[in-house]
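Labels run A, B, C and D following the written order; every chain starts at residue 1.
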Amino acid sequence: MNRRNFMKFLGFITGSTFLSSCGIDKGLRKIISYAIPPEKEIIPGEPLFFNTTCTECPALCGIQVKAYEKIFDTERGIYPVKLEGIPDHPINYGTLCIRGQASITRLYNPHRIKDPLIKERDGVFRSISWDQAFQTIISEIEKHKAEKRYNFFISSRTTGSLSLLIDEFCHEFNIKRLPEFEIYNYSAIRKANSFLFGKYSIPHYNIKDADFLLTMGADIFETFISPVSHAVQFSIARKNNNLKWFHVEPHLSLTGICSDKRFTINPGTEIYLLIYILTSIQKRKISSNIPASVGQLIPSLPLDILKEKTGLKEEEILLIRDAYLNSKRPLIITGGVSTRSGSGFEVAVLSGLINWASGSIGSLVDFSREENYLRVGTIEEFVNFLKTIDENNTGLLFLLKTDPVSIFPQHLGVKEKLIRARFKVSLSDSFNETTKICDLILPLSHSLESWGDANPRRGLVNLIQPATKTIFNTKSHGDIIIEIMKRKGKVVSEDFKSFVMSNYQKRYGKDSLNMFIEKGFHEENPSPVRVSFNEENAQLFLRKLKYPEAMKTPLLILSPSLRFFDGRSFDLELLKEIPDPLSTISYGSWISLSEETAKKLNISERDELEITKDQWSIRVPAKIQKGIGKDIFIVQIGGPINYSGMTDPRSGEILSYIEGINIRKTGKNVSIPILSGSMSQEGRGIIPYPIHRTENNKKHKESLYPEHKHENYRWAMTIDLDLCIGCSACVAACYIENNVPIVGINEHLKGREMSWIRVEPFYDEKDGIRFLLMLCQQCDYAPCEPVCPVYATYHNPEGINAQVYNRCVGTRYCSNNCPYKVRRFNWYPHEWEFPRDRMLNPEVSVRQAGVMEKCTFCIQRIRRAHDIAKDEGRSIRDGEVMPACAQTCPTRAITFGNILDKNSSVYKLSKSDRSYRIFEQLGTEPSIYYLGKRRGDE
Amino acid sequence: MNKAISKAIEFRYRIEKDVLAAMKKPHIQYWIFLFISVILFVTGMSLWYYQIKTGMGVSGKTHPVGWYMYITNFVFWVGIAHSGTLISAVLFLFRAGFRSSFNRSAEAMTVFAIMTAGLFPIIHLGRPWLFYWLLPYPNERLLWVNFKSPLIWDVFAVGTYFTVSLIFFYVGMIPDLAIARRYATGWKRRLYSFLSLGWQGTPDQWRHYNRLYMFLASFATPLVVSVHSVVSWDFAMSIIPGWHTTIFAPYFVAGAIFSGTAMVITLVVPMRKFFSLEKYITLDHFDSIAKILLLTSLIVSYSYIVEFSMAFYGGNIFEMEVFRYRAFGDFWIFFAIMIICNSIIPLFLFIRKLRRNIKFLFISSLFVNVGMWMERFVIIVTSLSRDFDPYAWGLPSFSTVAIGITLGSFGMFFMLFLIFVKVLPILSITELKEVHE
Amino acid sequence: MRRSLVLATISCYASIFSIIFLSIGYYNYYHDGPPIQPIAFSHRIHVAKVGLPCNFCHVYADKSKNAGIPHIQKCMDCHRAVAVEKPEIKKLTSYWEQRKPIEWIKIYKLPDHVYFSHKRHIKKGVECSQCHGEVQVMDRVRRVRTLKMGWCVRCHRVNDAPTDCLTCHK
Amino acid sequence: MKKEYLFEDKHEFVEKLKDLLKKGVPVDRMQIYLPFPVEEVEEILGRPVSKLNFITLLGAITGTITGFGFTAYTVLSRPLITGGKPLISIPAFVIIAFELTILFGSITSFLGFLSLSRLPDIRRILNPMEFDNRFAIVIDDGEDDGKRDED
């Protein structure tokens, strides 16, 4: 028993007054001096900031890494603790999504590959030195060169210098570089654009300038091209030009819920609706940009056919049409499931036509800022490549940061085909299905450990710079490739950093280089791109336009996952810990179906279903969900579930529909953590309608006791439910910022998740689905405070409902008494084993077992602001303090500030007629004001 | 000398012999019972140790059900304690004759019940080794406890209650100990003469003694009311629907006396049988104590009705949901048991025959004990699992540790009581003498 | 009679011993002697004799939460020339030549849940010695304050510094 | 030399006591031992009302004052607002005061009883005088009554 326990024990038996919570622990702590001071001055205890790029998904947002210098027993190093958007970055404007926030845990993931691994004869991997690894690669290259075999280089989307380097590399060793394979390759859109406008590319959608947005299947907030950018633009459009937004989809998606109005259309019948809109634009007296020669070919559909095909009601169709016609700057975006159907190409083309007709091309659909997908291939190209692999003429196979085996459908037989290659080298950061079949695994550094650059779209280049030294024995892809080339005597440059820098200088000159490293990105106004309308193609297309057949039910729709993208983010524990905002299921996968479908097949929640189609089959528990069509089943991509649909040669996309599946109840009952106790508001007016505050809410509560005053500050928050898209980025941010522990599935099944802030979905018949952000309301008359026997929680002079963790004895009375149930109890001690302990935010204490914890409006940030303000002898400015949640919110739905300051934005918003507080009748006087959600038809 | 006098004199000697006979060498059943309860107690304690080592998570509590079996036990045992004080103090003030045959065991029960109850607030702490932070002692932190917190009220109420009951128990025993010392030999004799403080029974001693006894009785009477009111305010002071109600104090006090009386019967019936005290604890006594049982049962049932009607008449959606859930939700079975045991079975006590039927009394007292435990459980758990925010609704999880510790508490209580019956006079001899003069 | 006396004495002794035992434990727990540092650096010489100000070496005291300790280069600035033949300085030079960081042992340790900023205190004009004692007379620095909550609070009260819990508890 | 009268019967004893007093045996010279309280004896000996009343009252009042004083002192010494209530919120403190009243009251009362009735009495603990169930009147004429102690 060590000293501390011993003292505990003493305390336990004697209750001696000697013991104090403030006891100094006896662990022999060290301070380690530098031998030589680092060139970039590090002030101990002060955070450092690096501007770099998020590489978790292809959107490539600019991120600002917050790092601290930390001392662990004998080492002293700089470790990132938090990622935030670069404030003025043209993609994400200082915000970040859930995956971006969580991507820091990839750096500290203890399951990363720590050394180069080579497969022995018996199929087990043995770790080797980098030197040996390079030797093997060289010798293999030699061998296969001698035997005249084809070598291939597969990678996921790469941009900028890395892409150039790979070119040189492949050219040097005559390796065939294949198109980059992404499951989300948007080739339907690209093909359509080249077909109509002669540009094989994805345009940049200027949602922020639109006043009406019609999205069809495009999950613009989950995975579609650049979700964060879309979210930011959405909120700007909402604020500036009061954007109206309809969404048409066959299934149920986060994006759909966030739209003003969501229309459920029969799967794969978008084409009818599109044609109808197109014709009605043509019919309109005001000139459409579509020449008559094309215009006359547009078939006109009678409404009743339309109704019967699409399953939309007449008034719905008219609503959409009128909204489109009556708006000045309408924009239609098709993508996601709508382009991953049999008629995906047509859908894309028709939407192109509509955009052209309404003159949105060039302004709202901006080709001059086209997304950089030049190297990204289609699924077809991948399929063809698979055909070409065979035993005796395929030698080396390089797989860079890609996991085709688990991401591409089984029926393509990816695994079997790839195995045929003689020697497979995988450059990967974590183990996955593909690394299993590889012969050599080279561990990749996280982008926070490596140099590089990225080129997300035309006219924008991002810097990738390390914020810490490598934690494990890893190297960055650039360095690996350069090293290999060096060993073959081809010296491109001494390392990847200098390669990147020289590239930059070549393009933009020397002088702006430091600026580039400082800012983390460089943007230039791209030369405008004129696109011309290809009449012949349009006519051709309309002449032999085929109408799709209705899909065979029961139908399975594979929907993109907000949390796991195409499955690549599945190995991040944190993302599993945070529940999916629609179903509130955290761990494991599930299949959603509507109530009536469930009744028909007498399926009840948590029943395990076996879904089979030909050879393919999955077993998933059922989740009954409102807002889903009849006989439609939805699974989210991630983990065991991948895109298993057929591929479409015309659109070059994977199909996200699996028709005519058969469902079997296995009889098993899988326990899945559904964190929500009830999906209904139970008539409690949590998100009230009408939204303006009722009289009863307005009047101040009477009390026997006198008011208590706040001197200079009273921190408060407003949450605009109209802008909140339930993307859960705030939740992830909170986890990282406040050292909130990850407790795992078993605790979740008991309902013991630790999140301080949560997204509560409420499904209501008449108002559709709405999200509520629930965190500590920092009540002025907090019910939790007076019940604490030891003053562990109390009301601080600045209006914060303080929680002093090391004073808490754990009666849990406060949690019982909290009407919002936002307090979390540490049921067990949580280990922060290496390297996770490096991630801990030093500004926030790590809570012991048996202690209550909760949101404190990121008190550490407030304290910091105070510190700075004191130095400058002023008071804290409005917007100077930003809690982690508010900081990362892509739609800026959360506003934080001092409500005593009459000029603060918080004060103004709290006085808006949409503002209300939850359970106001309880008289808890919360400091969080919600701005009610507007209805679509307002 | 006439017959009556000689009878009285003869009675004095007989009662001493009979009562002190209980302290003679115990026979086998006693050892069996003692063994069982000791085993239970030890398992309970080791489970507690396990809980401290692993973490509070093993106790089956969840978010939002932060209070579970431990607090249930706390309230239950405090409740048990109450009738002890009632019988010894309140009935003393009312000069109820039949009290003398129960009060000693009732007071003993009180003391042991509080000891058991007092453990649970500590057991249910997340960091029990810091329990002393709940005591207002001058400390280096210059920080005191929060006197606005009902839990601190508990600390004071229960602390006071324990001290006072202990004094009461002891003072009541002094003259009897003096008698015991006369019969005992060897170390036992030394012990008793030490405990009896050299009591001689001079007129002065008796004078002050009676005064003191009266004072203690009149202190204990309001105390007994206050203590369980305070315990009820742990709930009533919160804002949880189903807890936040003004009727809790009287409701809980009645409930406490109800359960306590039941426990007295549970304990006295076998005691009476084993030590053949039929002469001193007569059917009339049982009859009258059964009446108390019946009365309190009626009060409790009335409170149930009031609770529900207030919820539904008040039209507060939170309250309505909680009470709907309480009756028909996941815990309906507990609720049903509670109603049957507390409101229905005691109704049979309207029948005089059954009141005087020891077996029936014993059985029904057991039922009431169960019922009252269920009541506390239902109140705590259902209210917590269905409060304001529907998203946060949830259930507690099954926990063997919690159940083990609960059983352990019963073990502890019975162990203490069994030891008591062997070492201390189980009836107040002196009083019985006085009564029989 | 005798027996009871014996009992009484035994219990008396027991309680006395337990009290002594506790207080010793308490003392050891909070007042520990000066630790042996890797290099026997003497504050007395540097402060009293040479007369260096504190922030000559602890440069961040008024800039940051942590006062910081000098990097070896800084030591070497002087000790290339000064007192080179002394054994301890030889040690230092060897560290320097190997570019090996020195692992000093921390003396003023604060628990994880406490937020303390040197900057704030220095800017307020608190003397280093108020918490760190007269280091200029110490050859081996030892802790002279308990660093316990009461000690902090009393000082805060005297200088009417904020006593809100969140000022120091994180 | 000392005389000792033992009675089985209460009434005999009361009679004896009466006429002893009539004989003019001073009360402080005789020691009386009762197996259980007898009201008559009080009247015969005509003792004043027990001082215990006063002591107890004193204790109780001290309790009340401590209750309010202590709570008030603590909240003022470290003013922390909880639940928007004022620092000194009487309703909460009433409970503490009440409990302390009872606690102090009963403890002082008990201690008072001990001191008034000269307990614990070491001499009697070590060798008590036993008269089984009989009423005893012991009259000693100043000489030390060591006799009983020997046997």
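By definition in this document, a contact is a pair of C-beta atoms (placed from the backbone, for glycine too) under 8 Å apart; a residue touches a chain by one contact, two chains touch by 3 or more.
Please read these numbers as outputs of a predicted model, since none were measured by experiment.
Taking each chain's centre as the mean of its CA atoms, A is the chain most distant from chain D. Set against one another, B-D and A-D show the most C-beta pairs in contact at B-D. In whole angstrom, the spacing between the mean C-alpha positions of chain B and chain D is 28. Separating the CA-averaged centres of chain C and chain D is a span of 58 Å.
Between the CA-based centres of chain A and chain D the separation comes to 79 Å, rounded to the whole angstrom.
If each chain is reduced to the centroid of its CA atoms, chain A and chain B end up 58 Å from each other.
Chain contacts: chain B has residues 139-146, 148, 152, 194 touching two or more partner chains. Annotation for chain A: residues 18, 20-22, 783, 786, 788, 791, 794, 807 touch two or more other chains. Shown for chain D are the residues that touch two or more other chains, namely 78, 80, 82-83, 85, 89, 126. For chain B in complex with chain D, the residues that touch the partner chain are 1, 5, 9, 12-13, 16, 136, 142-148, 152-153, 156-157, 159-160, 163-164, 167-168, 171, 175, 178, 181-182, 193-194, 196-212, 215-216, 219-220, 222-223, 226, 230, 430-431, 433-434, 437. In the complex of the two chains, the chain C residues touching chain A come out as 22-23, 25-26, 29-30, 32, 35, 60, 63-66, 68-73, 95-96, 99-106, 109-115, 117, 119-120, 123, 147-150, 152, 164-167, 169-170. Considering their complex, residues 8-9, 11-12, 15, 17-18, 20-22, 584, 675-678, 680-684, 686, 747, 750-753, 758, 760, 762, 772, 774, 783, 786-791, 807-813, 815-817, 819-821, 824-829, 848-852, 919, 922 of chain A touch chain B.
The touching residues of chain B, counted against chain C in their complex, run 139-143, 190, 194.
Chain D meets chain A in the complex at residues 78, 80-86, 89.
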